[in-house]
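Scrolling down, you'll hit the structures one after another.
Note that chain A is present in both complexes that follow, paired respectively with chain B and with chain C.
On to the complex of A and B.
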């Protein structure tokens, strides 16, 4: 691609585009140079762990256990997973899980299908069969081929266990359990190598590229075709990557990837702990949080993936999906007795976009009342990527918490009084006017016209833009360059595991421009990121042991197995 | 700045839905509202002067057995196994010729059943008289004064059952907490039966002088909310069977809905009453600030069905519910005040009242329901959803 850029001319691009065999991405410019960022080591999320196990062994393998919670950094768990370890208690969980999964894989119900070979004797070691199974499964679990040394170790473990018990499958089970609780499986370890196109520079090696790509697009480990592409060098070029990326974007599994990203970006991990006062919000039940999340994720994937819609329209769309429980909260009829039903609100309805869904409105409210402050803060931080300072420790919240004070019947009244405290005014000034536009939705997300008998004023403001109600807020977010820029930042951070580094700023700006030029189509943005060289560029931090050992630009590299 | 939408207007706009859930754009001037009944149980008051002789007690079986001529030793033997078939046979077979008195209650003249002596009860004036004088449609009976002061209230079911031990609730709970009357309500809230109300033609929720009220069996179980109540705003289907559907003219005045008398049937539950057969029944329901309804359904019911509903449990009724089959039967017969038999003059129905609460719901009419006036043939399937 750099050759294309060096040669530059428009004629070349046109000529290039005339070649059917070349993808669009292979014809366009690759954008400004990017420095890349250091490699990351990210702990698998619980969902990724479960998906990988299901991918390899099937969905009937039961996974019982709960991992340590992930840590959110810079707005994303995907970045936080780079900075977490495994606690002793968690290790016990992983160990228990690994043993349980391994036992199921080799039990009599599954062994013929999942092991793939039969030992000469069930009571004695069979190195050929053990090697075949462990090599194959190990490649999928480690997301790269096992080294000869690793295979020999795993086979020896299986042999020793077989001899000790007199059961070949127990031997396999023992060795498989070790693979399943290995850091090589539990952590997404990225390995850099010298970049042949950039003297002195580094890039992810092919298997790390495959992993980054797969977790980005599908939220799971690379499949066999992607690992094969890594093995044969297809992922070394944009064109080769484009073939794999296009295959993956065309897969139904793209929805899983998009869901995982928005689950992270929208902070849905906290929905599980959502609590509401049942006396105030009797429609809040144990199942509501899950259904609220599902509604928004269905809305998003339907719009972005199925309909290939404009990201900005997520803030104004009237199309959504409803369960019977959610329909009762939104006060609309539903034909479905269970499950989900597509629904489109009529023109003029205040339900517009994902910020008017329960997943946003209830999550960013208090247990017994709505919160313009929390909602405004969420819009700033989650949708616009803007930092809001934490409140000082000595704030007096008595006025805003007293919803029965007849002097301050509405949230606007209470917040107006609260803002008279100088220490509070600064922050509330930038967040409350956003959230106040959503005051026509109570703390659960149901429509209301009054609070304590007083009519609700739903006027709002975001920076210089003044508007009315949820419809106005949705349109303002739709037209906000900050919202689309935020999405690009977040999706890149999610995919790469780090905040854009200083040397990546121009590349991110370029992505933002291209996102706009592409009609704000998220799959197009994902494609552009996934096939780019920039996505896989690595910088080695000065004075790092790696750098010190790498000599003249030589980075440690996992040996590619032919 | 004022809200740019109006919730009531939105509700109007959502009245008509097509089979695929697409909203119609046209909205009629009149509003339709649907409701799911969330509370339904006999309205038995608990006045201080209702039962001066106390409430019913379990029959003195030793006395019964002695009257039957059993020796002390035989009685002692029976009491060694008080739930045995022998005990039950001896207990129920106390008719003059050994008849089972629950199956043949008329065989034993027994006027010992304690009836309500108080002056107040829930209900409505069903016979139109001020003093309970017999009319072509009613038998002579005593009137109550309504709890809210309504004069000449008829509720003879309460008069019969109000001093039954298991039907007598506490004053603190306004009589609602008696096991015998909670039973139906609890089964309903668990999902056994669903009753729906639809009010169409509402011009003004406070005052509309001509509305149509539909009373329907629901096809979907009630949904419980997080606070243990019935979830409002659920979508409920109306059962297709026209036996459980009725419509009646009504009016709303000062936020209170009242209806003309109407006959209708609803499915009940096995223990209390498998089927309700209401005659000349009236609704009086008041709109609450949260959009729900609260009030009473008053009407005549076939008293023999109520008796048989309870008496079918036989020994269980008499042993564990302080019942007395022949005494209760005779009390029903004496107190029955509606629909005198053309030949005997014995009234065949009894006035009653049921407490009713209903939460807003969206109602879906069955696709093809013959005889259903609201879901007309010209409309597409599942046409009308109302809240």
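On to the complex of A and C.
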């Protein structure tokens, strides 16, 4: 954890050849040596589950149910998925989901298309058809071919159920439901193998590599081509991986992967539960919250994927997408009466970059007013990967909260008074000046020039940089080395499901360096990670007999608490 | 024909094993009215927690008198009718043992796990409702049911470990579907035929169970515990199906409620009150129908997010900001929420007490442990956090008493409650809160 933050806060630009001398690694494109990290076992997210089911069975299969909430760790739900389990109540949900999906797949409307074979008799077991269907679907769900004994078990489940009920399709349904609630499907279990290129070392096996790659780039299970590549050894080399990675980066599905990453990093899971006071912000609804998220994700994918833009420009871009509802908040005239319309703000407009969108401004505000503190904290924690301590227990917030006090009409006045308390000053002076530059946006994200009749002073400060307004903040974030280093750390944590281990630090610094050299192109960064050997390297597999007496192995339990 | 226990029994035996069509009459009870005569089984004893965030007001909830016949303090007045079945524990303290207090978390987790947590979300031990559930709740359809009135499934205080949190159900409509949907078997139904599809599902689960050893051998220690929890959940699902295959014993108090409409959930106080009432009513039916013996209800989340419609501040903010009115000794706006909270607890007790069962009510056969996460929320105080014990637990605990803890660790209360619920333990808690001293005034 500390290692992670150190990387986020301090950006070290290291020349590759400097590293050669230091680490004796090759000066090729692959960077310094990495120790790798322990394998992970990640619980599928609700979105991954739904995407996989739609990939296999089509999007007209209804998925009704709620999963247990994910847990955010070190800024990412993706890391939390490596530490959560499945409770009895949660398994009930998986069970009823699995049965409902399986029933739809074999119903009269879908069976001919989705099952792919017909039984000799609808009332009796048909091993050939059952085997064909279950082994094919099983390979997609387990993200590897089923073993012979796994296939035999699934066919037997189908046969037994067929005999008991007298219905072949009920048999298939029962067996499919079992696949859908199997731990081999619900958990992304990684398996290590000896690394032939690194004697005594370990790497993920080919199917685990395919999964890591696929969930990283597309946020779903490997497709047929990727599983085939795993099977025939194509994923063993960087060159072979490059072929698959380039295919996947060229696919429209890359946008889904990029959206999933930013949804996690920007904390949009909490947008769904966001509450605003209806008397103060009557325009705020769940629909608006959903559209605000969509606006930012469209802005991001358009800029990073379609236009292959520089990550830093996300903080200054004037290009965005608007729905009629959002346009009414931003007070921008648009043509579209429904749907989305591309929009470009004029030069000098305070709407610059994703920090000036409702998804950020409303999410990091109070229900009834803006919050320079929450916004400043979000900039530090989410965009710069810096930790902000929690406030002390016994604090008198009266001045900050009283928006009616005529002595302190603006948020700046109130916060300044609050900051005179020495216990609060330490943190607030590094948070508030960031958020104060956004005070021209109210608690929903609409522009305002005054607060309680007093003009708003939108000057701000981030570390040594002084600036004014959202334009100044955007430019400062654009130029901040911490922001780009943070992106690299987050994307690596997201892709690997763990905090960087000690032995990965040099490699991540190298990634930060290459990210700069590549013009801060996020798909290029994703490509570099996805084809590298380092991404698939494992310190030591958990079941290795050498683990007990090896000092190199880092137990997963230590990883969490470090 | 005179209807006696004997003829009723003869009816059961003569009518075949799976087709019983008898009304549940008091003749099923023994002379004390406590046991089901046909099976000799005691009426079940239930356990529940009821949690609210942000405490009560110092000076306004602790009786002056200790022991029985205590004076009902101002903030607990709505519970007056339950005084002879309500024990108030004051003066017990949560010790952090140098781990540092996490506001709105350390207090509740100290009470429930017997040890201060290492940090937010990091507990060293399971919460004791799970221990009680493992003791009394293994033969019911659900080992426990978790509920929240403030809309967020994350608001659950029932944890088996930091990674295994029993998420709470916020929606009465969804709760109804889970309890009384297709998988519900009415204990008082005239006929019972085991569903062959349930049999098929149960036996199909063995295909998952047999993966256990191989899978656990492939992963490291921490992941092994997580996956083992998954297999524990599978075994509980299997047990739920098993229970559906057996003819349930008829239950006098069991009736199927009507389906509630879909409601708006959230932290707005009126929504919380309405949803809590619906959830409490469904829960009472679930308990009376023996679907579970253990529940955990969060009325207001830790650091109460309750708010009034049209207001910008939450209960939590008020506890920190609002000046104390010298005349009443309370924060008037924050006290509005305290009053609603205690009324909600009253609703829960009234609801349980409204179900007649054997010689008393569901509340008489329950132990409801109600508590908060701090004493004075303004300063997150961990001294004298309010803890209340309602119900008679089927006579397994003495009640109607005000116990003054005099700075003893909160674990004394947790130990007492667990022992009353039949958990075999002599001591409980960790560090300076380890104790073997249960509260003798409460033990039967």
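Simple rule for what comes next: the second predicted complex is superposed on the first by the 513 of 562 C-alpha atoms of A that agree within 3 Å, B and C clash if a C-alpha of one lies under 4 Å from a C-alpha of the other, contacts with A are read in each partner's own complex, and residues count from 1 in each chain.
Quick note on the criterion: a contact is a pair of C-beta atoms (placed from the backbone, for glycine too) under 8 Å apart; a residue touches a chain by one contact, two chains touch by 3 or more.
On a predicted model such as this, the values are computed, not experimentally measured, just so you know.
A.B. asks: Using the overlay on chain A, decide if chain B and chain C clash or can fit next to each other.
C.D. replies: After superposition on chain A, which the two structures share, chain B sits beside chain C with no clash.
A.B. asks: Looking at A:342 after the superposition, I want to know if it touches chain B, chain C, both of them or none. Which is it: first, second, both, neither?
C.D. replies: first
A.B. asks: Based on the superposed arrangement, let me know which partner A:278 touches: chain B (first), chain C (second), both, or neither?
C.D. replies: A:278: touches chain B and chain C.
A.B. asks: Is A:38 contacted by the first partner chain B, the second partner chain C, both or neither?
C.D. replies: The second partner, chain C, only.
A.B. asks: If you count the residues of chain A that each partner touches, which comes out higher, chain B or chain C?
C.D. replies: C
A.B. asks: Taking the superposition as given, does A:243 touch the first partner, chain B, the second, chain C, both, or neither?
C.D. replies: Neither: A:243 stays clear of chain B and chain C.
A.B. asks: Taking the superposition as given, does A:457 touch the first partner, chain B, the second, chain C, both, or neither?
C.D. replies: Only chain B; A:457 stays clear of chain C.
A.B. asks: Classify the contacts of A:327 with the two partner chains as first (chain B alone), second (chain C alone), both, or neither.
C.D. replies: Only chain B is touched by A:327; chain C is not.
A.B. asks: Does the superposition put A:182 against chain B (first), chain C (second), both, or neither?
C.D. replies: Once the two structures are laid over each other on A, A:182 reaches chain C alone.
A.B. asks: Report for A:521: first if it touches chain B alone, second if chain C alone, otherwise both or neither.
C.D. replies: In the superposed model, A:521 contacts neither chain B nor chain C.
A.B. asks: What does the superposition give for the shortest Cα distance from chain B to chain C, in Å?
C.D. replies: In this superposition, no C-alpha atom of chain B lies closer than 10 Å to one of chain C.
A.B. asks: Just to be sure I follow: which residues of chain A are touched by chain B in one complex and then by chain C in the other one?
C.D. replies: In chain A, residues 278-279 are touched by chain B and also by chain C.
A.B. asks: Where on chain C is chain A touching in the complex?
C.D. replies: Interface residues on the chain C side: 101, 103, 121, 142-143, 145-146, 151-154, 160, 162-167, 169, 174, 178, 196-197, 199-201, 203-205, 207-208, 210-211, 215, 217-223, 225-227, 229-234, 236-237, 240, 266-268, 307, 309-314, 317, 320-321, 323, 378-380.
A.B. asks: Give every residue of chain A touching chain C within the complex, in rising order.
C.D. replies: Going by the criterion above, the answer is residues 38-41, 66, 68-69, 71, 83-92, 95, 99, 153-154, 156-157, 160-161, 164-165, 170, 174-175, 177-178, 181-184, 186-187, 189, 191, 273, 275, 277-280, 366-369, 390, 393-398, 401, 403, 542-543, 555-557, 560.
A.B. asks: Which residues of chain A touch chain B in their complex?
C.D. replies: 276, 278-279, 281-286, 324-325, 327-329, 331-335, 337, 341-346, 348-350, 440, 447-449, 455-459, 468-469, 471
A.B. asks: Taking the touch rule as given, give the residues of chain B at its contact with chain A in the complex, in rising order.
C.D. replies: 1-7, 10-11, 13-14, 17, 19-23, 25, 220, 223, 225-227, 229, 231-235, 237, 362, 364, 382, 385, 387
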